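Presented sequentially are two complexes of chain A, the first with chain B as partner and the second with chain C.
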Partner chain A sequence: MFLYNLHLAWLSIKRTPVLSALMVSAIAIGIAICMTIITVYKLMANDPIPHKSNIIFTQTIDLRSASPDDDPNGPDHMSYQDAQNLLKSDIPSKISVHYQTVAVIKSEDESVRPFRSRVRPVTADFFSLFETPFLFGNQWTADDEDSLQQVVVISRALNLRLFGGINSIGQQIQVAGRFYKIVGVLDDWTPTPRFFELDGGAFSETEGAFIPFSLVPALELRKSGGSTVCHASETKEGWQGFLTDECTWLHMWVQLDTQEQQEQWKEHLDNYVKQQKELGRFPRELNNRLHSVMQWLEFKRVVNNDYIMLLGLAFMFLGVCLFNTVGLMLSQSLRRRGEVSVRRALGGSKLTLFYQHMVEASVIGLAGGALGLVLAQAGLAGVRSLYRGFDLLTQMNWQLIAITFGLSILSSLLAGLLPTWRICQLAPAQYLKTQ
Partner chain B sequence: MEIQPIFNALVRNRTGAMLIALQIALTLAVVVNAVFIINQKLARMERPVGIDKDNIFTLRTTSIDELENRETFLQADMDVIRAIPGVISATPVLTTPQGGGTRVDGYHAEQGGYDFAQLVNINYVDHMGFEALGLKIVEGRNFTPQEIRYVARNDDSVPENIILTEDYANRLFPEGDALGKNLYYGDNDRPIKIIGIAENMAAGWFGANSPVVADKMYDMVFHPYITYGNSAWYLIRTEPGAQNEVMLKVEDVLVERFPERLVDNIRSQNDLLSRVYASDKALAIILSTVIVLLIGITSLGVVGLANSSVSQRHKQIGTRRALGAQKADVISYFLIENFIVTTFGIIAGIFLTYGFNYWLVTEFAQPKLEGYYVPLGVILLLLLGQLAVFMPALKASSISPAVATRSI
Partner chain C sequence: MLTLKKVSKSFRTDLVETHALRSLDLTVDEGEFVAVTGPSGSGKTTFLNIAGLLETFTSGQLILDGEDVSNLSDRQRSIIRNQKIGFIFQGFNLIPDLNLYENVEVPLRYRGIKKAERKERIENALENVGLIGRMKHIPSQLSGGQQQRVAIARALAGEPKLLLADEPTGNLDSLMARQVIELMENINDTGTTIVMVTHDAELAHRAHRNIHIMDGEAVDMEQVLSMSQHQRASKTASA
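Presenting the complex of A and B:
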């Protein structure tokens, strides 16, 4: 029956090729515009680490000076001395403190010209907390970290540039004038959005070199591509002075597996701030906050407002295409009153006819979806060429392709509903008389 | 003329008309809001930046190894750059103008009055800085070579003498007598003297959309500083027409002077500004595409429906013609019909348009829709409807009166 209906649909489409083409393209264009915007939107609002996003947290503690500042939210970042103090806690299962800097990287191979690269000092937990995939080797150990070993984990891209992509474990590279031994090479790793560090753009690639955070006091590598805010009016001299200043600049994430751990950590933060208050720091009222990954992305408004706006417009656009298709289907069905009447007179039930026309509508929808998918790729290529750094946001995955077809079939069924219902209501006798 | 019968006919056959009206309504809402947003983006992109953007470019130099004397390094670099033919002037800067990353701080006019509302963008220039930027000193004087001091990159100390932009001077001293007055920094009691007031220059956050800085786009303070982290930014102004040539030559000149370095990010200021505005431009292009497609689809819908209604009423039209209606009467019938349908669509569309704008205003703090946008949209859609229906109407008018006498 289904195949027969498919056959009928094909015959009917062939009979009115222009009208059918118009219907297919109306749906296709509506779907293409919608899917282009939905794709970018979905990826902006993506959960970058779905299986543990509810147990990873970042916290803000408010060390601002008592001067009037209306913003109820404290600084986004952590100061070096607070990070150091909080790192000592064994409540979280894992703690990552990190920031991004830029340094000149030199290979021992003279043929590779020195170049600037992102360098990220991180605590050893960084890799396991964020589940970075390793291509070769592994992260450094806590012992390496404590004993100030100069070890480095490099990204796949960096490994390609420095060593042509071979297993480079054990080799040495020079980062900002010091030698580091390579202990690990990461595989491609592109959490979207790059939630653990939104400073340098939420949708940028993660690449470069990762070095132990314990080396920071010796290195004098300034943070780059993000904000450093100093809250006291007096600042101390030099790098060592900067590290003890009331300046917030570090990212700190913790993994708290259980509800109990989360409660304990909140309490620990409160106690820490109270204890520091006794030392004359933290002049403001207690204002500690804990954000899970998705809460943090929402708080930092990672989804671009322009895109929410566009999403609204895109759905209205799809609405126009839908009404358009209804109109076209309606006029098509009017031409077929004769045929339908014959079928009814020969014993076809309303249900059979309804089924037949809905199959036809979904064929139109499917064709529209397929064409829409192709057009959406063109749309995404267009978006990619318009925005810098949107490469990660303009790739459709299977889920989005499924949404495309689901949306187009749903649209065409909705569009087909009214014309089909109407044609099923026909009194056949009227249209049989004159033939 | 004969509006009542046309209206009655419409009511009897309302589905098609309602579909068209709904399309018109949505089209009005989308087109008006999209044009409104596009115009805001265009206005944003046309804001003046103050500096001589057509003749300025910036570059970054990074030394491969640690430098011994950063101050003399910077001065030697400046000497060779300024000697390149076609260069008007050059200066080391803290960051690229309007490039985003920047130093932000707050000064205040009264001792001890710490106030973040006086947030300001700080840039570093040497004594040639204003010439390099293409900014005039409106009042007071420029920095002298003796005043220029080398500071570490993360040093946030303040100098003894500073120069402000006009906007910032007027913010601190609304009476307009800023020159020669003292400013204070943080809790520090040391006075900082305003020795000059420069023309407005767009701040580092020029590309940002944050309401915090919306009215501080030209608030800037210049320090007589030069600085070097593991890299430095240079800003170079050339004579008109000489920019490309100098941009090609500058890396060689710098590497020849000091080979152990990397020179990159050589970008004209216009290129940099186009990056700042990339997302505004992108949105404008996306919205324009949407508008064109939408108008196309809606017109096709009107044509399609009119065509089918012409073929449906074939006999009826013939009968009217046989009874004495002129061709013009047939055409005007369809035009009036379309006018009625479009008007209903537009009435619904106006509500939808303001509804969508209300959502933007409340959710995203966008400006309120006002002025001529809605009336223009209404006129556009009325014209569009008439244009789209004209061809089918012409076809209808050519139906022969003889049709009336035939059986179907």
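Presenting the complex of A and C:
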């Protein structure tokens, strides 16, 4: 019966091509708008590292000066000296301190012109904490880091640019004038949102070169993009001065596997701040906070309220499209009365005919979904071209495609409900006389 | 085969209530070929629709093939329509997008008959009405007489016990009408009970029996004659 109804649906769509096309487009447009916005929303609200997002944390410690400041939240970043001090703790299973800078990269191959690229000084734990995938090689060791080895991990894109994508482990490149030995090449890695470094956009890609954080004092590579806030009234001279200033600029994440570790870490932070107070730092009251990944994304409002409103509007628009479809289906069902009456006379029950027309509505919905998917791709391309840094957000996965078809079939069934119900309620005798 | 006991039907619109049938009593025996006649608006179509379970009625009792079918659900009524009753309408009522084969197939689909048997029945039915060669045509490519023959084939394919025809020849010229009526007589010869509404006195004569309906009641012919005389008399009196 299903295949038969499918055949009948096809015949009926063929009979009124214009009306059918209008219904399909009405659904497609509504679906496309909805799916464009849902796609962006879903990725915005995505858990970027689901299997461990509740055991990795970032912390804020409030080193602001005593001057009255309404914001109850301390700075998002860590100062260099606090990061250095906290790095010594062995409470967390892993600690990553990192920031982003830009430097000129040169290959030994003369044919590759030097170019500016993102460079991230990171602690060795960065790779295992965030579970970066390696295409070749591996991260550097803690020994490399302690002994100030000039080693580098490069992104897949950088490897492609410098070496045409071959295994480049052991090769040398110059970063900001110094030679580094390549120990690892990352595979594609796009945590969305990029929770560990919201500076520079939560939806940007992470590529470039990664070098040991222990080299920072010697390198004088200032942070590029994102915020650096200095909280003392006076600042000291030079790079070494900057590193000991009350300036917050570093990202710091820790992995705390157990509840116990988490408690210990909080206590450690409190003790640390108390101890620093004795040295005349941290003039404010104790204001330390620990945020898990999702807490941090929410705290930083990665999904903002405007966007939630937009989502509501998109669904309202889909509703308007559905009302249109209901109207079109009603007008179509009027000219169907004759056929429905004949079918009733020949033994089709109300239920049988209801089923037949619902199958037809789903076919319309399916077609609307397919067209909507195409339009949504165009919509997403539009979002990409309008807003930089949305590249990662504007890709649909199979799950979103399934949602598209589910939503469009649901829509068309909803739209078809009233017209179908009405046509099945007809007294068949009335429309048999005239045809 | 078919018994109506004091069946009444009234249509209620916003303002007026029309009594289409008033306490109609009527019996059709198995194997009969009955013609139903009567003036326009007397309730013939209404009677046929009620007999064919296409319409409900206000009061009374309807017995079909020995079974009281007065108060059945939509589903049960549909099953009976599908299995026991065939319809032929004045306006043919073929489904325009379906070809002849598919049109005849409709009642068999609803009955859930398997593909091979469907094919056999459809081909037999179309053979019977002489249209087997045009199986793939759609209704609009046929003449009126041919369309009505397809409608008959559609009714026949289900092998109904009761065939209800509402002015089956009303839209046809006399030659076509004769072909159709001959076809129906053949069907009746195989044992199918036929109730046919007609305005055509000649066709009505070919039936075994005539039932005359006036103002929603069955009347016997003698009474009719005297009544029409009486009416004529009263009209001249009032003039």
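The rule is simple: the second predicted complex is superposed on the first by the 426 of 435 C-alpha atoms of A that agree within 3 Å, B and C clash if a C-alpha of one lies under 4 Å from a C-alpha of the other, contacts with A are read in each partner's own complex, and residues count from 1 in each chain.
Heads up, the rule we're going with is that a contact is a pair of C-beta atoms (placed from the backbone, for glycine too) under 8 Å apart; a residue touches a chain by one contact, two chains touch by 3 or more.
In this text the structure is predicted, and so the values were computed from the model without any measurement.
Asker: Look at where chain B and chain C land on chain A after superposing the complexes, then choose clash or fit.
Answerer: fit
Asker: Per the contact definition in the header, classify A:4: touching chain B only (first), chain C only (second), both, or neither.
Answerer: So A:4 only meets chain C here.
Asker: Determine, for the superposed model, which of the two partners chain B and chain C contacts more residues of chain A.
Answerer: Here the partner covering more residues of chain A is B.
Asker: Thinking of the overlay built on chain A, is A:230 touched by chain B (first), by chain C (second), by both, or by neither?
Answerer: A:230 contacts chain B only, not chain C.
Asker: After the superposition on A, what does A:283 contact: first (chain B), second (chain C), both or neither?
Answerer: After superposing on A, A:283 lies clear of both chain B and chain C.
Asker: Who does A:429 touch here: chain B (first), chain C (second), both, or neither?
Answerer: After superposition on chain A, A:429 lies in contact with chain C alone.
Asker: Contacts for A:201 in the overlay, against chain B (first) and chain C (second): which applies, first, second, both or neither?
Answerer: neither
Asker: Could you say whether A:344 touches chain B, chain C, both of them, or neither, answering first, second, both or neither?
Answerer: In the superposition, A:344 contacts chain C only.
Asker: How many degrees apart are chain B and chain C as seen from chain A, counting from C-alpha centres and rounding to the nearest 10?
Answerer: About 90 degrees between chain B and chain C, seen from chain A.
Asker: So, A:14: does it touch chain B (first), chain C (second), both, or neither?
Answerer: The second partner, chain C, only.
Asker: For the combined overlay, can you note the least CA distance between chain B and chain C, rounded to whole Å?
Answerer: Superposed model gives a least chain B-chain C C-alpha distance of 11 Å.
Asker: What residues on chain A does chain C touch that chain B touches too?
Answerer: In chain A, positions 434 sit in both the chain B and chain C interfaces.
Asker: Would you tell me which residues of chain A are touching chain B in their complex?
Answerer: 19, 22, 26, 29-30, 33, 67-69, 102-104, 106, 114-116, 176-177, 222, 225, 228, 230, 233-235, 238-239, 242, 304-306, 308-310, 312-314, 316-317, 319-321, 323-324, 326-328, 330-331, 334, 382-383, 386-388, 418, 422, 434
Asker: For the complex, which residues does chain B have touching chain A?
Answerer: It comes out as residues 15-16, 19-20, 22-23, 26-27, 29-30, 33-34, 37, 62-66, 101, 114-116, 152-154, 156, 185-188, 209, 229-231, 262, 264, 275, 278-279, 281-283, 285-287, 289-290, 293-294, 297-298, 300-301, 304-305, 307-308, 312, 352, 356, 359-360, 363-364, 366, 407-408.
Asker: Which stretch or stretches of chain A touch chain C in the complex?
Answerer: Chain A residues touching chain C: 1, 4, 11-12, 14-15, 338-339, 341-352, 427-429, 432-435.
Asker: Within their complex, state which residues of chain C touch chain A.
Answerer: Per the stated touch rule, the residues are 45-46, 49, 52, 54-55, 74-75, 77-79, 81-83, 87, 89-98, 106-107, 109-111, 154, 158.
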